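What follows is chain A paired twice: with chain B in the first complex and chain C in the second.
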Partner chain A sequence: MATTVIAEQPPGRKSLMQRFARGWEPYLYSAPALILIVTVMLVPLVVGISYAFRDVQILNPFSGGFIGLDHFRALAGDRAFLVALKNTVWWTGASVLLQFAFGLILALLLDKPFTGRGLAQALVFLPWAVPTFLTGLNWAWLFNPVIGPLPHWLHALGILSEPNNILSDPELAMWGPIIANVWWGIPFFAITLLAALQAIPRDLYEAASIDGAGPVQRFLSITLPFLAPTIAITILLRTVWISNFADLIVVMTKGGPADRTQIVASYIFTQAFTRLDFGYASAVAMVLLVLLLVYSMLIVVLRQTLLNKD
Partner chain B sequence: MASIDIRDIHKSYGKIEVLHGVDLTIRDGEFIVLVGPSGCGKSTLLRMIAGLEEVTGGDILIAEKRVNDLAPKDRDIAMVFQSYALYPHMSVAQNMSYSLRLRKTPRERVASAVSAAASKLGLDPFLERRPKALSGGQRQRVAMGRAIVRQPKAFLFDEPLSNLDARLREQMRAEIKKLHGELGATSIYVTHDQIEAMTLADRIVAMHGGVVQQVGSPLDLYDRPANLFVAGFIGSPGMNFIEARYQPGEGSPAARLADGTLVALPHAYALEPDTPVTLGIRPEHVVIGGEGREAAVELIEPTGFGTILHLALHGLPFKVFTTDRKVLNAGNAATISFPPQHLHLFDQEGARVGAV
Partner chain C sequence: MRARPLILTLAHRLAILAYILFALFPLFWLLKVSLTPNDLLYSEGVRMWPSRTSFDHFRFVIAHSDFPLFFRNSLIVAGSTALVVTAVASLSGYALSRFAFRAKYWIVALMLLTQMFPLVMLVAPIFRLLSPLGLTNSLTGLVIVYSAFNVPFATFLMQSFFDGIPKDLEEAAKIDGATQFMAFRQIILPLTLPGIAATVGFVFTAAWSELLFALMLISGNEAATFPVGLLSFVSKFSVDFGQMMAAGVLALIPACIFFFLIQRYLVQGLTAGAVKG
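Right after this comes the complex of A and B.
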């Protein structure tokens, strides 16, 4: 029908309204979805970013004005922020590396057939299912010498000189959330690496063992090259997640003692919800966002160059 | 190069026994083909020789040395897998040299071994490519190259041609045979394809249900199959079997078919009169036309070189192969007869019955 109607009218004689409707038709169809995405994703992002350039303090009814780059100037001289930045690197690096190392070991163990492997695989996944808030509370209690056994065990093993709470020891406090984080995050690496391991054809190992490769050489020349892409992508993802991941620290130490466990993400949380300075918190968050973007871009570029080399 | 002795080999997975005592002696430089249907235990036996499967019972000797407890790498054998099992992240040259590099062979020796193998297999232009940039046939060649650079005591082939198309399979089959002629290495080749077995083997080992059915030269198995299984497995189209009863007669031994007619036998057998037997005759040995018995024609399959006639003889399926094109116009019925010298006789247990 529509084509016959158009055919009857000579081209160029269509009314303005018709041409407008024709040109906009595709956009109108996709508009509902686009509007939804923009309101849900972009609006909060833009409002959040705008806070960084405004003086937003919940308890100060006269705040809210535009202050330009003042927050960022303050940030440059903020010693607590610099400490948090250093702590973030330490927290993220240690957590990711330990999670990866233990996850890989666990995946290699679960890759070998043994009776009850199905059950073991299900159990390994369990920590991942525990809410992080509960994980934090649980480990905080485990480290508490009044109710938890860990300080006494560590003391008995000679690792601690006194059965004290390591969460209140400025030198050791960071290990508390890191251990909790490692416990909670191992399953992620174990399961993804296990899936990658099981995708390696068995006969490659058989061919290699006939070719004369021992277990170590088989691991280095078959397992690792096959796992490399999975390792790269999981470590990238986990690094971004963990550096943003303040739950355990907020629950276990609240950044203390003396800011020794304060990471940037928990610093943002403290600024926003303890000091109620949303403007400053947003400025810190923007810096973290930029740092993580730079990191991700570096990894993506690295990956591309490695892929292109093939 | 070496001989391989297999002595009373058993293999069980849990309670299920898949090999029930296999004995086999493979001479130095011999090309042995293990053939049988899926699940007959031929691949398991090969993998046990390679050291990829544990031996449940019995002994395996390579070059007169017991290797039951040796790791695959210490047995000095090379294996070509059905899937080729090429290392995807290594180039063709790296794939072929991997075993030599693991053995810390000097660099020049590695290079010369790889280039010698590559030129033998026509892989020179592909040495720097990754396996995924090769065709199926080229990958197959790399897998062979990986085996021959090592100059091992024995080559093991696990259905190496199964993943190739028919034309390429034929071509590679000839190349493997040529290669064996040049290298003269002891080889064990597993296949379910009886044509591969017939064309490649010095001796065929026919296996079924974890038991060796017959060991012999290809023509031995074709001319004198030891039992019904071998008779039916070797040859294409497969041998025809007819149930009958032995009749010694008066100097004219015969077999009485279900309909009461007699089939003349070439000679007398050490059987009681009226013993149930199975007559076997290959489709290509059946004579069409002239005096004989009537059979209904159900289907005619021309193959170009010859024709396969699907008949119904006394209601049972019966196949005839002939290169005579007249049968293409056979119509609804054909007359067939069985030349006595081509008849095989099997007893009730399925074993071949010899002449008196």
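Right after this comes the complex of A and C.
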């Protein structure tokens, strides 16, 4: 009798232990990731928000005090910031639209099998692997009349009256980073859209052609509806991402000439990096964060109303 | 009747060719200038290929500049980040893929949040928090920061790879007496090797390319990564285009190798995800 009890007890205790361990197991697996995210992203985020209401200048040892809404009052009258807001809209809109249009065309071109597709795909996707700082430098060099061909070509085509560097022309400078961004970002859209295209069942197209639908009709009534959710999500996420993407501008123009290419993200970086005014930089960042939140909320509301309509 | 498809095929190939030219031209120009000897640089400025090429710029950059040091620093930072992130993200991705637990929703929400807010917001606070710890101007500091930035995306990526592996495999192993972790390590991880390779590639490329935080956190040459080194070189010696572009070509190498390794897998993986989702 006694032996059976002893023999049975360990499995019972073990199963309790096991159940306990099982409950904790997912937390153990996620712990390293969570610790990293909380200490390196969440804590600095909260600290950064507190900076927005404090006077934090690295070069000024007496700074650090609480100043309430002073930064935001200064922001409202900061012309450079207002220009940066306007530039952000222009930069994001043009970049996303061009990347999407050229990306969609590329995805459609690569959708059907042809000899050499693998190689063509590898080559056209290559820009995506180029580090962004190098993309920026590379295009800055291409636009430089001393070393690059683009000003001379644009001059020959009659687009520029003189073979000058468009990056130093206040009217045209923004096109420099935008073109670099389009070059770099087309593959992202193409990859995502190509993946979605290849998930469309082929029989649908066959059925449609048997019913006598032409290529345009097939595109409008099969391809586009199938792609629509991917298109919507990719564009929304990309809009947020590109509006925060300051690398190309920092590398190519540093926001100049005369702040004509400064976007809010690069303005934050400039305030922190060159002026070491962390308080003001954080206040600008807060405004950007709020704008992005409003944008995301609008998207969610829009999505809900569209879903309800169906 | 035959002429129309032929014209369409021709137009299709031409369009593909145009895309390839647009994609490759800037890189071709980078290579071209890096191979042009200094005396021909301006006289043959817009020619497609110089009448004489030389490796002088590369030789100079490798032997007489700090770029080998920057290259080594970047390799250490990007390599360590890729390893740390892949290890951490395979664990957390596995948790999200295989367990139903109470905090799962919040963990996913937290990770999505980190993908939405502008990282540039963190430039100032991270600098301020790391400097008393002695982690500014240090490669370790960069690895920690980059690891955290890349973990959320890598977690989702790994989760999608784990989702593609049937659960029966672990169930069978557990009936044979293995714990969940043993099943994970000995059965699931080997099956996800292609996914792990893709994650390593993604994170390596991201860490290799990162600029803004490296600019903010690193000030001396000792710990400068390639982007920081190249930018300071550009602002210091902005006349020596040949050398700058030779350095640029060097910066391109590791990223391109990784890309060619993973690019085929890229569309396949996304297709699988799209079919399931």
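Note that in this section the second predicted complex is superposed on the first by the 267 of 310 C-alpha atoms of A that agree within 3 Å, B and C clash if a C-alpha of one lies under 4 Å from a C-alpha of the other, contacts with A are read in each partner's own complex, and residues count from 1 in each chain.
In the analysis below, a residue touches a chain if its C-beta (ideal position, glycine included) is under 8 Å from a C-beta of that chain, and two chains touch if they have at least 3 such contacts.
Source: prediction; values computed, not measured.
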So if we stack both complexes on chain A, do chain B and chain C clash, or do they fit?
fit
More residues of chain A in touch with chain C or with chain B?
C
What is the contact status of A:Ala213 with respect to chain B (first) and chain C (second): first, second, both, or neither?
first
After lining up the shared chain so the two structures overlap, which partner does A:Val124 touch, if you call chain B first and chain C second: first, second, both or neither?
second
Given the touch rule stated above, what does A:Ile222 touch, chain B (first), chain C (second), both, or neither?
first
Considering only the touch criterion stated at the top, classify A:Ala33 as touching first (chain B), second (chain C), both, or neither.
second
Overlay on A puts the nearest Cα atoms of chain B and chain C apart, in Å, by 6
Can you pull the chain A residues that chain B and chain C both touch?
none
Applying the document's contact rule, which stretches of chain C touch chain A when the two form their complex?
12-13, 15-16, 19-20, 22-24, 26-27, 29-30, 33, 41-42, 45-46, 87-89, 91-92, 94-96, 98-99, 101, 103-104, 107, 110-111, 114, 116-129, 144-145, 147-149, 151-152, 155, 180-181, 205, 208-209, 211-212, 215-216, 226-227, 230-231, 234, 241, 244-245, 248, 251-252, 255-256, 258-260, 263-264, 266-267, 270-271, 273-275
How about chain B: which of its residues touch chain A in the complex?
50-52, 71-73, 77-79, 81, 83, 85-87, 89, 98-99, 102-103, 130, 146, 150
The answer for chain A against chain C in the complex is residues 22-23, 25-27, 29-30, 32-34, 36-37, 39-45, 47-48, 51, 56, 58, 105-106, 109-110, 114, 118, 120-135, 137-139, 141-142, 146-149, 152, 183, 186-187, 191-192, 194-196, 198-199, 230, 240, 244, 246-247, 250-251, 265, 268-269, 272-273, 278, 281-282, 285, 288-289, 292, 296
For a test of understanding, state which residues of chain A touch chain B in their complex under the given definition.
201, 203-204, 206-214, 217, 221-222, 225-226, 310
